[in-house]
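Each remark here refers to the structure printed beneath this line.
First chain written, first letter: the chains are A, B, C, D, E and F, and each begins at residue 1.
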Amino acid sequence: MFLTHIWLIPLLPAVGAAVMFFFGRRLQKATVSAVCVGSIVLAFILACGAVWQYSAWSSTSDNFHKPYQTILCTWLGSDTGHLNYRTQDGSPAPLQADVGFLLDPLSSIWLLFVTGVGMLIHIYSTGYMAHEGGYYRFFGYLNLFMFSMLTLILANNYVLLFVGWEGVGLCSYLLIGFYFHRKSASDAAAKAFIVNRIGDAGFLLGMFFIAWYFGSLRFIEVTHIAHSGRFSIGDPIITAATLLLFVGACGKSAQLPLYIWLPDAMEGPTPVSALIHAATMVTAGVYMVARSNALFVLAPTSMKTVAIVGALTAIFAASIGLVQNDIKRVLAYSTVSQLGYMFLALGVGAFAAGVFHVFTHAFFKALLFLGAGSVIHSMSGEQDMRNMGDLGHRIPITHRTMFIATLAIAGIFPFAGFFSKDAILWETWSREGGAYRFLWYVGYATALMTAFYMFRLMYLTFHGRPRMSHEAEHHIHESPMSMTVPLIVLALCAVGTGWLGWPHSLGGSDRFTKFLEPVFAGEARVLQEEGRTSQLVAGVEEQHNSSTEWLLMALSLAAAGLGWGMAWRSYRHADKGYTEPIAAAVPPVYDVLLHKYYVDEGYDYVFTGRRKLGNVRLGVLGLGTASAWFDTHVVDGAVNAAGWITRLTGTISSWWDKWIIDGIGVNGPATLARILSYPARLFEWGLVQWYALVMTAGLVGFVFYYVYR
Amino acid sequence: MNSIVQYIQSYLASDKTPGAAGNMFWALVYIMLVFVGLSVAVIAMNWLERKILAHMQVRLGPMRVGPHGLLQPIADAIKLLLKEDIIPAEADGLIFWMAPFIVVLAAFTVFVVVPFGPTHAITDMNIGILFMLGVSSLSVLGIVMAGWASNSHYPLIGALRSSAQMVSYEVAMGLAVVSAILMTSLNATGTGTLSMIGIVQAQQAQGEWFIFKFFPLGLIAFFIFAVAMVAETNRAPFDLAEAESELTAGFHTEYSGFRWSLFFLAEYSAMIAVSSIAVTLWLGGWLRPFPNLLSGGIWELVFSFFPGVTFLFFAAICFYNTVRMPKHPLFRIQTIGLAAFGVVLALIGLVLFIPAVSMRVQDIFWFATKVAAFMYLYIWYRGTFPRYRFDQLMQMGWKVLLPMGLGVLILTASVALLQQKLWHP
Amino acid sequence: MLHITTLHYLVLGAALFLLGVIGVLTRRNVVIVLMSIELILNAVNLNLVAFSRLWGGLHGQIFAIFVITDAAAEAAVGLGILIAFFRNKETVNIDEVNLLKW
Amino acid sequence: MIAKLKGSYGSGIQALTYAGQNYILVDRSLIPDLLHVLRNEEQFDYCVDITAVHYPNRDKPFDVLWVLYSFARNERIRVTTQISDGETLPSSVPIWPGANWLEREVYDMFGIKFDGHPDMKRILLPDGWKGHPLRKDYPILQQDTEWVQINLGIESGQ
Amino acid sequence: MAPVATPFFFYLLSGIMLIGGILVITRKNPVHSALALIVTLLAQASIYLMLYAPFVAGVQIILYAGGIMVLFLFVIMLVSIDRSIKERQFNSQWVVGIIAATALGGLFIAAFTKGDKIFPEHVLPMVENDNTQNIATLLYGQYMFAFEIASLLLLVAIIGAVVMAKKRI
Amino acid sequence: MTESDSALSHLDLETPEKPFLDANELVINMGPQHPATHGVLRVILRLDGEKVLGLECVIGYLHRGVEKIGEHRTYTMFNPYVDRMDYVAAVSNGLGYCETIEKLLNVEAPPRAQYVRVILTELNRIASHQLWLGTHALDIGAITPLFYTFRDREEILKIYEKYCGARLTTHAFRIGGLQYETYAGFEQDVRNFLNFFLPKIDEYEELLTTNRIWVERTRNVGIISGKDCIALGVTGPVLRASGVKWDLRKAQPYANYKNFDFDIPIGQNGDTYDRYLVRVAEMRQSVRIIEQAVEAIPEGPIMAKVPKVIKPAVGEVYHSIEAPKGELGYFVVSDGSTQPYRVRVRPPSFVNLQALDKMCRGQLVADVIAVIGTLDIVLGEVDR
């Protein structure tokens, strides 16, 4: 029942959104909340039911480990094949994009946490947005986002996934620009939209490659063909396709160099940051790469690119996060950094570990954002950590839940982050016999930084001396129930979800990886083959060198502790005008970090051209300047030259007219000139019907030719 | 001779409309019947509107000409026919002369396809509803011509307003009609029909009037049509082309006498025409109430009594009022007249009890009853509503009814599709 | 009487077409010129439907429907231009349409 | 209030009472200032009426009076001034827009002009009419026969 | 409804059409021209009925007679036509125009006489009752793309007309 | 000066937009004979399409020189003339005139006369509002309320007819009291009327108040703010609908209104709909006043001691009452003779009509009709 009507899950929020857009303006706030939150709660229940049924269904012998697919209809192209194209082997294939839904372990995980976290954030938003204008609009957008996201993760082909992909992009744009009267917000929205377009272009191209190369866009068929062994490892077309797909993922999941929109996206309301820019939408890239794992394992170059980009993003963003002062920006850079971790995991082939980190991250990052939102709420809109401090006992629930989340993200045992992060680090260390070991160091350093900036945030916000103004201090209050309850639920998840992936080395059974095995089974096989062919020690990961793993765990725990300690030392007593330790130690580095490596400025110089480099504009605007210059100097020059020549000829002819014609003939020349000019006049008479007459004459000629041919 | 009789009789055996059967004689007879019936209906409507409106407004209405003013419309008609037919000096004579005929022609031609019963229609076209919409839209031409040819400002503005109004509301109307046509395709073959008779038969086959189909979609579509049809006929509360306090009488300000009465005739027959469309599309046309639920011999019999009973009821009202007439020599003729009228009604009622007659006429009775309900609505609106302002009217047409119509159309289509694809694959 | 063949329709269409052409070529009133264009389009439609009847397919009728659609678009735009033109020049004579821009 | 006004304007103001109603008699020269003061400082924000009385035997034959009301104080006051024939008064339309038609009526009936009025023309009588009917030297049966003949084409309107 | 008395109606209707067409191009007053054109269009709709094309006939009535011609009448009333009625009706090149048209007509006749033989003698039978359905199937199937393009064209035309006719946007 | 400027700046209507290319600014005449101008009002409208850019009222078509006549009649003889100004609220006019002269004579009408005066005046207020409601609704296209209101107004006219013999121009009051004692059963008639009338108000409201079309036609049409009203001297229900709680019956009680308990209904937006609501509410308040007056009507004389020949001392008096249309004021100058030296009438309709331009700018032509209706002017009073 749940499984066959899986289409209801995305439909429910869509209905909610439709209700909001058509009738929202007239509805009471209570009704709006009831409709929107209700639809998500229903969707969550349906999702749970569907996953539960699926697990029962896929454990039957007939359908063992098969994905469940249901196709409602075909919306692009049709069975009669009007939109045919030729695949790479020359055979015609119909371009088919179905409204079809696919449920397998991978999408199950996304389905569960998207609806679950989404539900909590909806509830939270009823409290957070209670006093804002555009209440129905906000919930309409949120529901529309849920619809798009669910379409994205339940799609059974790339095209429908792309529909959801664009849908979430649109909703992200709308929600970032929710306070559209604020210039910065609308700018941030436009920025997010444009940067995402760059990635989407890559994704589209990649999709075309796949359609052309595989003749289908359905995941099941593509995976099947990829596993069939028809393609060699390192096939250049597949490499190109996967690289293009990864460009798309970079845009959506904010990886280098397209990460720049995410920090700016914090202009949106905080629940949006929590839902879209931390927990769900930004993981769409991860989902897409994981979904295409069968292709990626055929392209080692792409895998390496993914791993390296991921690792670089992780440390890059983490280092910026060290010095930011805006509480939401710190979390934003932290998100970028954690997404880097996920890609690192995907790149080294540890898909399950990456997905595991997505799962745990969704909970604790959502919790962090919601906590931050609660802090901002209690501070009446203040976001700068320099003006906070000593909030710990004034908003205890927020403080405690956020502390749990911080422990989780820093990787303290036994909180969720510890397990997922260690799984990634361990896989990075051990995969392919240590080929990626250099990235482990990057990841390790990132872990240290993560602990530092997260505890820096905690101390600056909740401990130290109060640094806010008096009236602000007076207004501090704990948030309402509708906000704190989701915080508590998420805090429980932040503790507990990690235990699903309790590693073997610690005596656990790692249920999570086992659950995902059907999806990544093929991937494991290909990797093994590759390992064999490249003469490396195969099956390192099979041996589970426990002692090494324990050592690594201890090291990362130590890093977390070290970061904590450093933060404690520096910010424990932070008072007004405290000094940043980095600024004190190496001011130039602090400066560079505070300005985010001047990347935005660089883009402004190089790509958009909003700023001049010396005297020259580069980028898009530069192109405009250049063409303007070309127009004034070259084109107009040519025109002027033509004019000059015309004038010259005019002078000559007038001279000729005056001296030669008038000198020679008296009446004849004028008549002659008129007769001579008549044919030319025929074409520019100015009487519209003359043109019609000429056309008719042409028609006469045409018919004449065909009659008396 | 014999062959002519055969020709005449041949139609009676067939189960078709005269047009479909290709029988010229009966087609002509039907045309005459419809024309006469329509004229009578317009006259009756004129009287009813005055009386009902008057009673709504706590007054009596016409009381002098004939008993309870029954002969008033006839007196008016005679007066109008005898009046001088003024054509303004500066008017464009030919067009001024032609305009009312075009309007009347458009309003009457529509009735070619109106199905008063499964066989009681002049003809049945397979593009019936399209034909009706098309021909009724021709009356805009007459209005524009009338307004322009009068060579006067008020008629011109009135004509522009009313034609703009009619053209805009036609769009919403068309959308509502399409959503009803979509419902006809919900059968095994999946093919719908545009034929008026086919539409009613589809309702019969599906066992429900389209107004209840996909509740509330059918109802909304019907509602859109019901609003648009009032605007389409320039009646209150959308009558601002005619009676806006600043436009005297709109496009027919300069008309008088016979030509004015043609406009009057056209307006009322257009009202009947659009009501017929509404009845056909949503209210099951000639079908009697609950034909599927309350079927069987007994119910057939009971329902076949309705026409006769109705006429007897009217006759009873006449007799009651006859008794209540003032006993005064001046009122003697009126009293007798009313009694005679009652007798005529009673006789008609009695004739209608003859099974052969009642079976044949029952369809027409139900159709006429439904149309009459609409006519009452028209009068009711006029007594109740203030007038819209022109911009509000346009806003209503384009910003309310059109989106609603589109939405209903899309929803109807998707529901129909879902019904076919998901629950009955 | 004669049997009516496709050729009859074609001749009728040709006659209408010629009337339209004459109207377009000779009248000065823009409105009438536009109406003559409608005549031409209708002549073409008649041919299309006649051929559709001849070959027993419906493609000709579909083309006729498309032509009617185009005629609607043409009329709307043409009359829009006409109104703009009239507003500026206070005339509807086609002779005065001799600027590309105003 | 009267005392205050007297203090600032001196002998130009006479405060009078009749039948329990207060009114002040003001010198013509004080009128522009005084009306502003009454509107802006004393909150007489509602100009109830402007009218005139004709005393043909007096030195300054016209009494012009403003009836003012203050919403804040719930109090009325009448301001009266005397002017001679042909003398003009400042228009109070900039002070009370509602004085527009009232001043036009005074002009129409008495021939007293107001300087700075946006549209100083007759209001109740037709534009070309001769004479000002509410003056005492205008008999009750008099009419502008010329105007009636030209405009209505009849001999007399009576 | 099988057509009856085809030759009679054909000649009647084509006569109406031709007279209407001549009136369209010769009347001084554009309103009269427009009315003549409406008559022509209605007669043509009837000819469509004779050609077993009821749907096209319906579209012709609704769109042409009911829509486009109303638009024409509207515009004629908006622009004042008094001046143009009093002016010269034909332009300076009317002789050339008529000659060109006559030449074209002659060539048409020549073409018909030459190509008379290419038409099949018997026209195919058509089933009228399915006409609308079949057209719908074709229109939403094979001609889907053209249909969409046509709708786009109409949209553009609407916007264009509004932009041009509106006083200030 | 500066402050008064700022008080007026909101009235400086923005100059109309310049038409694009062609100057098709249309000037049309509405009236003096037009179904929707309630008499012989002529309005010159300056239009851009259907939008009103500005308008000018031309009045005086009904000018009868009432003030001049007053100077040539004795105080008593002039009394019937005032009934002819606002002929739908004749009783109010008479009350104002009689009270002014009484003030001039320094007499006061006896209590019984005061009570009867209040009853008749409030009945008259109801009648005036009914007539307004019916015609206003008719202008906007609702034909039925007209018949309802006329039916109910008939009952009031019947009471008048029984009391003084006239239905419209009643001449009911005399200087110093009443001429006639009330007829037997007067109180019962009034009570019957009140019982009959209260449900009828609900009937009117049922027809209009929640009628969507009525609301759309009247809401946000002809908005005028309280500040503008005061600046333009607009009084009566129009002022109260703009949110100013001001009623002469409460602010400066005359007759014996201070003995009665009633509320002043006010509106918020100052649009046509609010004015409708205010007037309907005023009818209810009038009913309340009459109920109290009928119960408390005392026995006693109906005329004060007034000399046979009325010759007030030299002096001048301004007295105003709250007529159904607004503040109706009389300014009477006495030179000690039997005829008033000068009678000045401050007519509410005349002053209120000035606001028409302000209220109509930027609206559509159809709204002008609604606004003229909602101002409730009577041309007899405007032109006098």
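The rule is simple: contacts are C-beta pairs under 8 Å (C-beta built on N, C-alpha and C of every residue); 3 or more make two chains touch, one makes a residue touch a chain.
Remember, it's a predicted structure, so these values are computed and weren't measured experimentally.
Of all chains, A has its CA centroid at the greatest distance from the CA centroid of subunit F.
Ranking every chain by how far its Cα centroid lies from the centroid of subunit D, the top place goes to A. Averaging the CA coordinates per chain and comparing them to the mean over all protein CA atoms picks out B as nearest. Just count the C-beta contacts per chain pair and the biggest one is C-E. Inter-chain centre distance (subunit E to subunit F, centres taken as mean C-alpha positions): 63 Å.
Separating the CA-averaged centres of subunit D and subunit E is a span of 73 Å. Centre to centre, using the average C-alpha position, subunit A and subunit D are separated by 78 Å. With touch defined as above, residues shared between interfaces to two or more other chains in subunit E number as follows: 55, 59, 67, 76, 91, 93, 96-97, 100-101, 104, 108, 131, 167.
Counting partner chains per residue, subunit B has no residue touching two or more of them.
Those residues of subunit A in touch with two or more other chains are numbered 687, 689, 693, 696. Against subunit C, in their complex, subunit E makes its touches with residues 6-8, 10, 14, 17-18, 21-22, 24-25, 27, 30, 33-34, 37, 40-41, 44, 47-48, 51-53, 55-56, 59-60, 63-64, 67-68, 71-72, 75-76, 78-79, 81, 83-84, 87-91, 93-94, 96-98, 100-102, 104-105, 108-109, 112, 116, 119-120, 123-126, 131, 134-135, 138-139, 143, 146, 150, 153-154, 156-158, 160-165, 167. For subunit E in complex with subunit A, the touching residues are 91-93, 96-97, 100-101, 103-104, 107-108, 110-111, 114, 141, 144. Touching subunit A in their complex are the following residues of subunit C: 21, 24-26, 33, 94-95, 97-98. The residues of subunit E lying in touch with subunit B in their complex are 1-2, 4, 29, 31-32, 35, 38, 54-55, 57-59, 61-62, 65-67, 69-70, 73-74, 76-77, 128-129, 131-133.
Subunit A meets subunit E in the complex at residues 80, 82, 687, 689-690, 693, 696-697, 699-700, 703-704, 706-708.
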